[in-house]
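Once you scroll down, you'll see the structures, which are given as structure tokens.
Below are two complexes that have subunit A in common, paired first with subunit B and then with subunit C.
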Partner chain A sequence: MRYPAFFKARSAMKLASIRPITVLISRELAIAVLLLLGVSFVVFLVLFLSPGDPFSSLLKEQMTSAAGSHPGESAPWYSQYLLWLANITRGNLGTSIRTGLPVLNEVIRVGINTLYLTLGSLLVTLLIAVPIAIVSARHGLTPVNWVLTMFTYVASALPVFWLAYIVIYISMHRFGLFPLAFGSSTQKWNWLHFMLPVLVLGLSNGTMGEVVRHMREELSRVFSEEYICTARAKGASIWKHAFKEGFLIPITEIIAAKIPYILGGAVVVEQVFNWPGMGRMAWQAAQDRDYPLIMAITLMAAIFVRLGSLIHRAVHIVVNPRSSRE
Partner chain B sequence: MTAGPVLKIENLRTFFYSRSKQAFSRAVDGVDLALEKGETLGIVGESGSGKSVTALSVMGLVTAEPGVVSGKIGLKTDGIQKNLLQNIEDYVNMTQNNGRIMHVSKDNRGWQRHVDRHLRGVRGKEIAMIFQNPKASMNPFSSVGRQIQEAVLLNTSIKNPREAKERALYWLEQVKIDSPQLRYDNNPFGLSGGMCQRAMIAMALSSEPSVLIADEPTTGLDATIQSKIVSLLAELKSSVGVTTLLISHDIDVIKTLSDRVAVMYGGRVLEYGPSRDILSKVDNEKHPYTAALLASIPTARQIREKSYLQAIKGDVIDTINLPRGCRFYPRCRQVTDQIREQCKQREPDLREIASNQSVRCWLYFDA
Partner chain C sequence: MKRYTQHTTEFSDSAGVPFWKKAAPVDRVYIGYGLFIVLLVVISYILGATHFLPFDPQEINMDLLMAPPQTEGHLLGTDFMGRDILSRLIIGIQAYFLPGLLAIGIALVLGTCFGVLAGYWGGGLDIASTFLSNLLNSFPRLVLILLMVAAFKPNIYLVMAVVGITSIPTVASLIKSKIQFLKQKNFIEAATALGLKNAAIIFKHILWHNCRSVLIIQATLGMAEAILIETSLSYLGFGVQEPTPSWGNMVQSGANYFMQGNFWPSTAPALTILLTIMGFHLLGDGLNNILERKRDQ
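So, the complex of A and B:
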């Protein structure tokens, strides 16, 4: 029963101590590396097993010259994969079969464009959805809130391509905004060409209703927690006490969960609006069976998705000390 | 010397409107209580008798949408003097038809805003509250010490965070938490239920309130911790001397801690007086309900002989369909043929039968 004083203190410290966040983050990163390895392997296998090859979709003379310059082409698939992996460790993602340009630069260029599009549209979604969610969590579904919530449900049910074409039609025929190509316009409405795809994807990427529902549910659940009652009883702000569990965690949760959907929507929007992003390139690469490009784009998309959940995990660990001991 | 009670609850009615039944559930139905400075007033009764709702009404924490509060709660302390329920009825709209309530609409938002504004400077500052279920009542995302520090900063004249921390540590010491320096940085999930309740008590007292409301402070803790919390509260009562409204269904807790007691049943006070007299097992004059509650506590002999526990027959009254007569009549075992009709037909009022002791029962007086 009589422990030495330092022992008692240490055991109490152990209870309170939280594993350094760097350890947790590096563990998450290690998991991410394994995940990327798995993704690349599966995609490689699928590509290998799928019918068609880059050479049948290219011109005859190009094919022969390409085949001649790629000695690894005839090797078995696993050695091809290992070669590809070995090249990656040297920062070499190969060259595009179609254009002959180094894949890494290409993917980074379009990846940044896609990042603009996805982050921009995510921002649009959140800017619309979160205030509605907060107000309806606090005050219940008043008629105004009900109408707004319905609007978000309808908006997220609209097909992206449909809305995109409608928007293009209206902007071209009503307001004479033309051409709608990314960055190619020198008109004073240039920023609009940038905004339109972002707005369209933000409105109808199919996640807005979900965001409203999730945020509203979580926040109103937290508002009915007993500790919020305590906060009110001691005269503190209930928003301050509800912020972490009711706002920060659900919002990162929903962002992490919805990034894949937004990326999927980006493919369509980039097609429609001629946005030189990853989705458009992926589409093109898939048609050409441009293996190195497809691999690189898949990896990039996986990295985006993983990054989302990484941010979610990091916020969760920082905010909720309980989760750091799991 | 004493300028009247610190907290005076007059004719408090807290009803919850049930839309499906088109009727009010009368959780608290005309309660009058007065809390003198320095005393501890206990409220005892079965679950569902309206004890906690009384406390929540005082703090303006009745948030359930159709909750309607009326009456008067006068708070009179050195700093403040006001009716906590001022204008609260303005936010409720009732449509009546032949005395029957057809529809109740409540401007929930306005109500909430009004209560929050009206009770600013009262919640925490003048009246602090301890809840049941201490582990759920502390914010799990913030350390215990931070939460106490916040209370200090909000409700006392200390505005310097470092001083507030010292103050918080002082209160953690006062509630006898071991190694307060370490506990300060602990999160509530790292503390046991008993320690959490101690921290809650520290948080409530750190605001230096005029009135402390302890809503079932020992519920949900195991028996040994319960007795420790009770003795802590008793110690604090003598050392700090804060005016307390203590709510519990545990008669022993009330008997140990309170000076006066109100026995509640079905939203009404059935008996009100010095707790020493009322809660003693000696057969003096008391309300049949109080007697039945006391009889349901097993005596040492009963425990030794493992005989049956004496429960009160029947269920707690449904406060939607109230009988015309005494609310306890359906479960009362002391009705005599003489007064049976009266019990069935008319509800008795709360009358003084001995010094300071009031009872709501036909046994002790006539019409």
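So, the complex of A and C:
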């Protein structure tokens, strides 16, 4: 109330920026769709170039199940790609060579399991890494911080399968659990079946060190900005002022950048723990050369990555519309 | 590979002082440990390539199964078939060393090309290279490798080519932002005014004098990435196959014995992976702190 002119100007600026935000976000959506088209083209190209021509047999099988027109034996590559793409948009990704079931349902079923694993372990990583980053950005390099930093280095170099062995061994001999028989037991420790893979992947997906370093650098950069100095001088909370630029933007940025790594780590962890997810299915599909399945899994993984990136861009645009208007 | 934020470097105030004298003690420890690991890996690779080993890595000794370290001359003990673990660890380096160098080469050369195109000329090239970077970043690396393994034969050089190609965006964005920063500096303007050719400006004044350290750091981090991918793949059974040793399949083949309480056959290669990857990470971060950041701000 003391500075009415200032508030008026600010609210006017906010009103003026409402429409561009929706425009910017829909632009990001369009870019994401374009990128997914590019992803589908890369997947097509890999399969098209692979020896033995698995792609045209996949296409033929798709066509017969859809009872549409048959592509010629020597159809040019672009018409094969467009036919395949048209089938995908209709939800027809073919059937698995191994099980004979439609691929789309299978991938969605296991994709949800992988989503739980990925989001849970992301949460574990952030819960460990962010406090370390905040403490070391605030207090510099004290002996305690050095120990914490070394811990993040060890965690990000730790082979995830070996950590999984240790965890399985302890749970077998201490709690009488057999995580290799995933989800089959009905004991009171059953919830551990779900917690152990999440904890293992969260601790050693190889991104901990980088999450800490990125958060620490961004936080200390923001802490040395002039507006934080002003806030401190007038006795305001510096956390409140540093929150948006020093915390919200870097954290969504690092989440978006690290989702591919965690999905990659999920392949190994799901394999060790028999977690019925996308990574385990990708392993099985690569073993069996089950082309329709591995293509669908790659597309699904790319959709996850793009969604994470879209959320990051949306947060960035909403928090700081001016910087993204270039 | 890792993504670093760019730090501006001022040249004038530190001229004449060698960079290791300005380094903080912590960074010296990091770099010392990292260089020790790099040296160890290179020497072990040469020893393995010239078959200068304490024992034959394939030799099965049924009298000495899962011996603890330092029994009968086996410095790190033996595994579940009585094979010498140290020799197998040394031979295991061959699984990733040369393929890893290939991955690093692809990432650095193509990443620099894309970075220069996007940063020096900009415009449409910048938009195109950003799109390609985002495209490559959309694939989880291990999933893309599994797709390649399913489509082609599981071949470590193919896998490492994929690792190299998926590392291009990181190198390209670093080089790009470095060049965009350098282009505002006077010396580039002066070089253009003197009539130097673009090639001379790019290769000598930008890449050689100002981007060297970025590329060295990315190379060390690239090796860590290559080790991570190779061990994961041979753990999953798509890399080097038994009886040829690799660190990943050594951990995997010791798994059953691990669950019975014989930890060592799995733990020795796992600890080797841990210490080696950590060495490359520490070397990269230490070099980054010294070469790319002005610490005494």
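The working rule: the second predicted complex is superposed on the first by the 270 of 326 C-alpha atoms of A that agree within 3 Å, B and C clash if a C-alpha of one lies under 4 Å from a C-alpha of the other, contacts with A are read in each partner's own complex, and residues count from 1 in each chain.
In this text, a contact is a pair of C-beta atoms (placed from the backbone, for glycine too) under 8 Å apart; a residue touches a chain by one contact, two chains touch by 3 or more.
What you are looking at is a predicted structure, and each value in this text was computed from that prediction instead of being measured.
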| item | value |
| --- | --- |
| Which superposed partner A:Ala129 touches (first subunit B, second subunit C, both, neither) | neither |
| First (subunit B), second (subunit C), both or neither touched by A:Glu225 | first |
| Touching partner for A:Met208 - first (subunit B), second (subunit C), both, neither | neither |
| Subunit B versus subunit C as contact partner of A:Ala233, first or second or both or neither | first |
| Of subunit C and subunit B, partner touching more subunit A residues | C |
| Subunit B versus subunit C as contact partner of A:Ala137, first or second or both or neither | neither |
| Doubly contacted subunit A residues - partners subunit C and subunit B | none |
| Subunit C residues within the subunit A interface of the complex | 2-3, 5, 26, 131, 134-135, 137-144, 146-152, 224, 228, 231-232, 235-238, 251-252, 255, 258-259, 266-267, 270, 273-275, 277-278, 281-282, 285 |
| Sites on subunit A touched by subunit C in the complex | 31, 34-36, 38-39, 42-43, 46-47, 49-51, 54, 141, 146, 153-154, 156-162, 165, 168-169, 172, 206, 209-210, 213-214, 217-218, 221, 257, 259-261, 263-265, 267-268, 271, 279, 282-283, 285-287, 289-291, 294-295, 297-298, 301-302, 305-306, 309 |
| Residue numbers on subunit A that touch subunit B, as the complex places them | 8-9, 12-13, 15-16, 139-140, 225-227, 229-236, 241, 244-245, 319-322 |
| Parts of subunit B lying in touch with subunit A, wherever the complex brings them together | 59, 61, 65, 108-109, 120-121, 123-125, 128-129, 131, 133, 136-142, 150-151, 154-155, 179, 182, 185-187, 189-190, 200, 203-204, 207 |
